């Protein structure tokens, strides 16, 4: 298994947005050249501008650009890239892509194709894990493709409530919660539809819904010399429609003993598929601290930064290191967890309107900064947020000594973050941080959907300032009238005054 | 000396710019309310917008606003502030101000007035330190006010080259290097003039110029219970005209033994004046690792963040903690230095034109972000940089495992930092990071002025791309002509297109 | 200038008079203010008797959204005459006018679980719209009858397109 | 459109022809480019045969400053006719025309160590200007004679004000 260390000179980043920028930054800091690929919508994107080279690979629709293996391999071969980093999403968990890279002599910065395959099909993964002695969530146990009829029959045995999940799944796509047989047909149809759209595969299976469970995952790293280590857990129970919204490291629910047990289990899971590079073992943990393997994500995870802040390891640099054939920079004994970190996913969606995605142009942007604040983003002022891609436009990561300090610091950072031109979920995060149950660490995966509201608590409602809102609106309205009158009243504007132009512009936009 | 812990509720920040924002951020994260004060020029400044309350205290000239004790005390009393944080500069080292705060029952977040006085007069400080067994730089030994004649006589004894320094000094103001008697008169006149302007006190003294010396300083922290600890050193030799430009922690020149010796000396120096709160003992260290006390800054230092990143302590929060009468959160044994950190001061000045200050409006601003990057700043897009205040508009702080990683990361972060509308010294920092002597850690305080040039080295010159610069300029010029033609050719612009308006605006500004 | 300002969800109506630059009247009381707009369109700074407020404000016609200290306030501004007219119009229209379900963003219609003439309750799904790879359920804002359905499954729709009309 | 582009300090003159959108001629050779301006005025992105360049560009008349990968390039752009005229004008003006020492920023004149009629050498201090609390020495750009001194110690001056004229 051991290979001679390969010197990379140039890395192609087969992704866009914040994760492409994240990888390019790591490469720059390692002195590596970078090749970006971009669709029509992304010509001016940060990842294009920050890379050493950039090549157009097609229309904005991912199916015709970021998801087309051949286009990406062509660019890699043309530019002499030694390696490809797939980021997350897109081609990152396509075994065929990892294999095609290997065939062309290009290092795929991720696990080998076999590991991806074994973990990619969720049914196969369940079997493999059970054989390796890893506990899995009870569910359908057939390896065959299941018809709606099969599933209805199996549902009785699994017992309600249960989850329909896509065999090719991930990211909550094609997933439905079902509480009774009556809901089954509708849920199956909609899950299959979403799975087909997302993965090109409408097959689904069933899992028992573990009530009151937390979603906790373990970061693992493996090298080509047979070492696998874990970097502790991440708490990811703050979700809405199976989309994670806020993650933290460590989990307020995990003690040293549980961490050691889950870590050992995750290492065993990775070893069972000869895992190399970074991966994440996702688990459900019930109220009694029993844990169940859910799935393994065979790629860099969105929320990897919280682990970086607490373990002080750069996971992307470590990925590149092991892809070059070098051993991991640390052994399990050398992994220490210090302090606390939290990540808020900043999404272009309207928390006051059922979290509907929001599109538009970022007319103004102020990033939070100062001690303990990290922003991983792929957008700058002037960028358009389209419906083609994921609504996540940034990750705000905050670290500090204790969970309490981190919550206060995150509140501070969120309130400094100003994104104008489209709606974001920043108010959601602020409301969440204010909720007493969140502060106390008392939540499970259903918390946001079932026990959280954007309406302020009675105590917080006392702090509302409707009179200030009224004054602000009246003054803004008044000023706008005045300015409109001014502009109309002149034949020629004083064009040397850039603020006036900006204001005039603003007015027209309203 | 021990006092009962006082609960602060509200802190007045008697400063502006990045340091006011830094302090307000710390207060917010501690749940404290904040009161900002502002001059005419600063109505829209970040520190005004981020504070809970804000009060106007006069014209833009500091002498009529930020330097007027009574105005600031009035605001503190009116708003019921429990404490005042002075930041650095302005009133931070005025013993009279610390005393006036105490008289009004307001906690001064800094040392007591006596310590400030003893360290503030540089001549007294030299005596006090000598008595405490702290080595000082050889120089004039009289406690009296020295006339030009006295100084010329003393100069012969001190021997050339020497430094003229302001008795009330700090920040390189009123400081002149003198190599011979012939230069003496002119230098004295100019030093006294600058000292008078800066401190209202034209007295100066002489110190031997220690050639090839580094400027290395030790951060100390003291509480009201008699504990004084040090947080290791900062390397501050990268200076121009006695203004620090880049600082790092640790110093590449300091080993464990020297750190322990200098740390012990700094603690002794602080103890000699019963020091409470954060302070910095500045030293010169010669080639043979002999060190000499230069002065003690009795306040928060601009470059405190590099120490924060390496020791993982929040110095501002610690200042507030000890000002409340609580003991330091750590003992000397609990101070660990991990990794490396570096700070570049981002100044509004033109490195291609003798570093002349640059004023103007920030028309566009992109902060660097991502792993290991911290920005402490006091300006946002649209802010005007005036000649009233210090040209430092931000501090870019980078941390990582090793000095090598930090240099590469700083290069990456600097190249992401985009400030449009005025000149900054970012190109200077990039050129400095590229210099082999800097990379090797081989520099002293004269390095920037005497052995550094903005001209690229022969090796770097090979990498220049004049043809790309030519293409860029030609294309930009061409596009501008086209757009001008478009705009002129229309009776009415399509005002719904915000980009066009921005472009038209841009064109006019050129 | 006199404004009637209604802050929704908080049962507050304020009468605000703005004449001078630094002093306004709120329900007849003088309030000292200092109001400036920052460079970023929609960002404002307000000092009220020294208290500092930083707000994001946007509006459509008379409906203003003020995002202040993490909370969104929906504010209606009218002068008195307009307000009376609106109140009357609203009374007449309430529960009797048309409700239009529009596309909140561009997307593809996945399913239309309703048809013209069907009676529906507030909260019922009327359209499932796929956008950004997720299915979004658009619900009826009130009880009523489906009057018109303008789209079918598989249609691509633009933002703001009227999809279904409820009568 | 044909441009003559001189990059200072690198002894390069390029002839650049821009007609089409995606292909330009540089000294007669075709070069594939993709050039866009970003929202921030003065920020541009250029792809040349796939290589990505992010630049800040500003100009005053025919003088362009291009900040690219941490290095500042001073670029002069002219069409051929203008260039010849300029060359001639420059030849005539060199070392014979007036040199004006102007204030690079607002400030207060601390000292004027020269007086009219005095002969000075390139690099001599002609004005000491205090700004942002520091003294800045303004030096003569060439040998010559002080023709005019417009300010005295203590004067406050605006940016670009002509302080001293060297003949």
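In this document, chain identifiers A, B, C and D correspond to the written order of the chains, with residue numbering beginning at 1 in each.
Heads up, the rule we're going with is that contacts are C-beta pairs under 8 Å (C-beta built on N, C-alpha and C of every residue); 3 or more make two chains touch, one makes a residue touch a chain.
Everything quoted here is computed from the prediction, not taken from an experiment.
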{"item": "Each chain counted as touching chain B and chain C at once", "value": "A"}
{"item": "Pair sharing more residue contacts (C-beta pairs) when A-D is set against A-C", "value": "A-C"}
{"item": "Chain separated most widely from chain A, comparing mean CA positions", "value": "D"}
{"item": "Distance from chain B to chain A - Cα centre to Cα centre, in angstrom", "value": "38"}
{"item": "Averaged-CA centre spacing for the pair chain D and chain A, given as whole angstrom", "value": "48"}
{"item": "Chain A-chain C separation of Cα centroids, rounded to whole Å", "value": "31"}
{"item": "Separation of chain C from chain D, taking each centre as the mean of its C-alpha atoms, in whole Å", "value": "53"}
{"item": "Multi-partner residues of chain C (at least 2 other chains)", "value": "39-40"}
{"item": "Of all residues in chain A, the ones touching two or more other chains", "value": "50, 363-364, 366, 380-382, 499, 502, 505, 509"}
{"item": "Residue numbers on chain A that touch chain D, as the complex places them", "value": "36, 43-44, 48-56, 79, 380-383"}
{"item": "Contact footprint of chain A on chain D as seen in their complex", "value": "34, 36, 38-40, 45, 47, 50-52, 54"}
{"item": "For the chain A and chain C complex, residues of the former touching the latter", "value": "173, 190, 193-194, 197-198, 241, 243, 350, 352-354, 356-359, 363-364, 366, 387-391, 414-415, 418, 420, 426-427, 430-431, 434, 456, 464-479, 481, 499, 502-503, 505-506, 509-510"}
{"item": "Of all residues in chain B, those that touch chain A in their complex", "value": "21-22, 25-26, 28-31, 50, 305, 308, 312, 314, 338-339, 361, 363-364, 366-367, 369-377, 380-382, 401, 405, 408-409, 411-412, 416, 495-496, 498-499, 501-502, 504-505, 508-509"}
{"item": "Residues of chain D that touch chain B when the two form their complex", "value": "1, 3, 5, 7, 10, 12, 14, 16, 18, 24, 26, 31, 33, 35, 37, 39-44, 46, 48, 53, 55-60, 64, 66-73, 75, 77, 104-107, 110, 128, 130-136, 159"}
